[in-house]
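Lettered A, B, C and D in written order, each chain numbered from 1.
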């Protein structure tokens, strides 16, 4: 992947061995898993459905990618940083977005702006809890998620459906590729540039590795970390809009399943949980892997318990296989 | 019964507030309880909600309500069995416990509920009539491990037993959430042969329909829920000749549970052994336009019960 | 005692034969032969990355050597690991501290003494630790119940040293001290050295002392092992272990031009101090500096110098009148300096990216970054790895050079240095001093905290700290060893 | 030195101060909670939370995080409500197997150097799945002896308080006072040093994860004793609750700094904080939000105190 290599500014002198080692990156495992599961499905159900499976994975796995990208930024900003408010942010943003857009195509732009505004507010509020009250992020974002949930509840009655144009965008595709997948791809590329080509990426990585050292090296720790939280919430908000669009309306519980999933895809994708190293490609690989695994388990008729067990064992296996990615 | 309950306090212990159904239920509770307080029927009737839909949380909440001296507690329980210990404590403290929707096993509590199993069975029967008893069925279930889900699943199996020509070709969990159901169905559809009917557990039909549409398959017959987007979609499909019916558990039935609690406090004898079934809300193809016009966008088709209606229903049984 | 001879070999405590160690592609040690004799004190000197710490890690059983054999008491020890080393009586004070910060001083004893358990172990551990601390550092002021994280770096170092000499079930026969004095002040370092001599002479404990302060070796060592590039290049007997001969053996030539202070006599300095900060308790202490000046912070270690630097840094980075372009050279690399995930190059150009670099449409100019890194690599002579290798593959001293380059390779006008030559070899130190003078001449201001009094001769003015306040300001010409010591021990003037 | 000592003492006092800060308003609003009956009603659900918190604490000690403790407690309750009743031996065996699995996961995490967060996340799916397979719909019954044990009426002071104190003392002796406990904590404080001195980190982690498993089992069983029946989603929220309790009790995510007594107090404080709501009259819409707000207030209390101490 291009972004990977360019993250090493002075890659030219790399020896062949070092290249080989960088190819043996942790994110590769999730792709291997994805391909295996995909072949598994195709093997069992015939080649005819191959593209169908890939398409659904692209449509619905994309939501995992999106929330994962936001979570990735937060996790990269240092050990212990996790955003658990993703589900309630999705609920609130969906609710606000639907209200602002009033089912009318003319208000879509306004709605998008409002939703992004929700993201900014939530992100800043989360970070204020962490910084001013020094509450550990995992608890701070959990607490704030309750409050956000309450606000969403008060606003969540009698929601208008999304504007038709938005719905059409969410379900439309070009050359078999869903628009929303393209949108997620564009966002991923933008983030890749931000992380690997812009100074912000270096600042984020620095505070993720050692906040004190970063501070002493001249990084504005708070601004950098705050931006990570804000971006995470903004991406979650955007996801909310797409979710509402594709499922024909916002609901309070449409984000619930993304709390743990968003963390899972980030870490399975090879981003360091201890912070300092983000892997965008990995988020894609992991999302596709998890979505396809779930679909495959549904398809073979495994019931919920078995499905959950297999799901868990797979997550652990991928992690174990990719293991040893510590620095020493 | 007409005993004086004007000094009595009734609490609602609700396990979850994060979906439209529970929201409507809370709204109905507030409406009926405020009116009752104004009419001096009860002294107070606040609603309490827990944040995480968890047994331990609700158990703690009920214990606190006992401490606060409520005379009756209406419980929408997160688990039918796991609150038993706590409810026993409540009964021992002389509190009237009425469980509703999420009902509990504990014999000392009253049970007001919907016939979930029958609902699911009716759904399959309906599919059987539409499909002439033959076809591939996809089942979309609720949240795994929840008793209602199991009841409805049993109902589906029972219904299928009656119609051997219908074959269950797949089963996914849609968590009673449109977007989750949509994702789950979309994930399994490519691996399925033609799907002739969908057995759902309510409130998910719109998401399911979206998934079929995305897979370029026609929406098969299925029972529709009662939320606005579902009814709206149904009404649109009607133009293309799609026929269906709607069956749902109205959240407003909480008012029924409220009056049951009030009546028990007033001295009415109501059997605890049997579950009192509140009728499901059915909407036929003919009724659809009128019903749809009556609910606001984003709303839900609902019924609420007044005291006389409740008493009438109770006495009929 | 003289150089190794066959007769002495027979009574060797531990003998290395052809020991080699590689890390991936890095050859850290090659073909080391050495016999550690009972009761001697061996000084070990060598440039940064010479392999001193690695050799000691092999001796302590942390690394298994990739080649060669180890003999303990004349017997072959094929499975020589940490436990075998402990049973052989080997103890080690590692270069990076090895205390558990979440445990108390006494609790840290259980880590090296597996036999401390059962009823009353805590009391036993406290007594042992107190006894040893009293013996080595008579005025330590520790009780044993303090959490290590509440101690200053100096106190931690003291605890770690004392712990290495405590005895329970196995006797202590050989103690490795890897740069033990790097965070000790002159006074405690003196106490330690005196103890080391006594331990070797009176109790027959073999002491291995690694240090870049060659004067210390000169004072205590019976033999000096000089290492270069992973090999032993000479073993000097006591009679020849003068500073000059060690340096000669290391292959570094230190010209005797000790005239930087004279060079500092610049005339064109404005009387007006350009910078002024209030630091310390209640902000009572005033620190001033003008452009192009090198200001020293001195005093015993841990008297608030680092805190003063941090509060200056804090003031300089905050928005407001005092905002200055500032860079910081950390002394405690692991905690304050190094980014372990990154390559050497990324570690180096970070400060430059944040200030000084020109951006191309908001993005990093990679070509310019590469040029910068190459320029600094040549300038400070980073040895041992490609610039794209991970920073942790460098030896401690070389990591320190990278941090130095990071601070200088940017637009900072004010450079704060927190004991920046900690663990840096003599040759590199000289390069660093020269660099500091050059940059100061260009108008950069330096504030330099150091635990090595010799370095203060490079400063125009020196603030001497005691109990988080300045007791004396010495100008370059008054900055003698005696004056410093006097000021360091002076009680705070009210 | 006296400064450092007062600092350490204040740090240790914080959880107790938080507890008082929550307890006082509750007692004022509802004086009955101070009675034997009231306190047992208010606190009996704290016992399983306290146990789950200690399980979490064991894992936080080695700088890991356990996202699976909630599902694990649920699974234990399900095992207890099914196997343990019908085939006690099989049930006991299953519980022992669970503890071993926990220890094995600890060893695996260290051996492969993998992040505990993901592994325990995966594990949480496994536990949930097993629980659903074992008990597809809520039900089962608690073994007789368990119900009796949890219903036992202690003289004078309500049983939950007695239990909590006992648990705190045992935990404190094990982890904070014994030399083995100290060494295991050392593995959290400076793993590199421990390895250098020849200690096996794998063994330390396996031990602590095993201990977490034991506390998880105890938590599940005590919860089952209280609820008298189980369900696969019984205790999911214990995961985050236990983390919050450890933090509130003065624990830190890295560096092996934990306090058993503090964590127990933290768990009780959080249990009480949730009860706070039932005593306030807030509109249903805002009740969920209030829980968040209370959590924030309780935790920031700790931070305000700490901040005052730092300056």
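Assume a residue touches a chain if its C-beta (ideal position, glycine included) is under 8 Å from a C-beta of that chain, and two chains touch if they have at least 3 such contacts.
Keep in mind that this is a model prediction, so the values were computed, not measured.
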Touching both chain A and chain C (chains): D
Intercentroid distance (Cα basis), chain D paired with chain B, Å: 34
Mean-CA-position distance for chain D and chain A (Å): 30
Chain A and chain B, separation of their C-alpha mean positions in angstrom: 33
Between chain C and chain B, distance of the C-alpha-averaged centres to the nearest whole Å: 71
For chain D, residues that touch 2 or more chains besides their own: 128, 131-132, 136, 232, 285, 287-288, 291-292
Of all residues in chain B, the ones touching two or more other chains: 17-18, 51, 144-145
Chain C residues counted as touching two or more neighbouring chains: none
All touching chain pairs, where touch follows the definition stated at the start: A-B, A-C, A-D, B-D, C-D
Touching residues on chain A, where the partner in the complex is chain C: 8-15, 17-18, 193, 197-199, 202-203, 205-206, 209-210, 212-214, 216-219, 272, 276-277, 327-328
Residues on chain C engaged by chain A in the complex (per definition of touch): 25, 313, 317, 326-328, 330, 335-343, 345-346, 349-351, 353-355, 357, 359, 362-364, 366, 369-370, 373, 386-388, 390, 392, 406, 410
Of all residues in chain D, those that touch chain C in their complex: 1, 4-5, 7-8, 177-180, 182-183, 185-186, 188-190, 192-199, 255-257
Complex interface listing, chain B residues touching chain A: 17-20, 23, 27, 51, 141, 144-145, 170-173, 175, 177-180, 182-184, 186-192, 206-207, 210, 213-215, 229, 232-233, 296-299
Residues of chain B touching chain D in the complex: 14, 17-18, 26, 30, 46-52, 54-57, 59-61, 63-68, 78-86, 88-89, 105, 144-147, 149-151
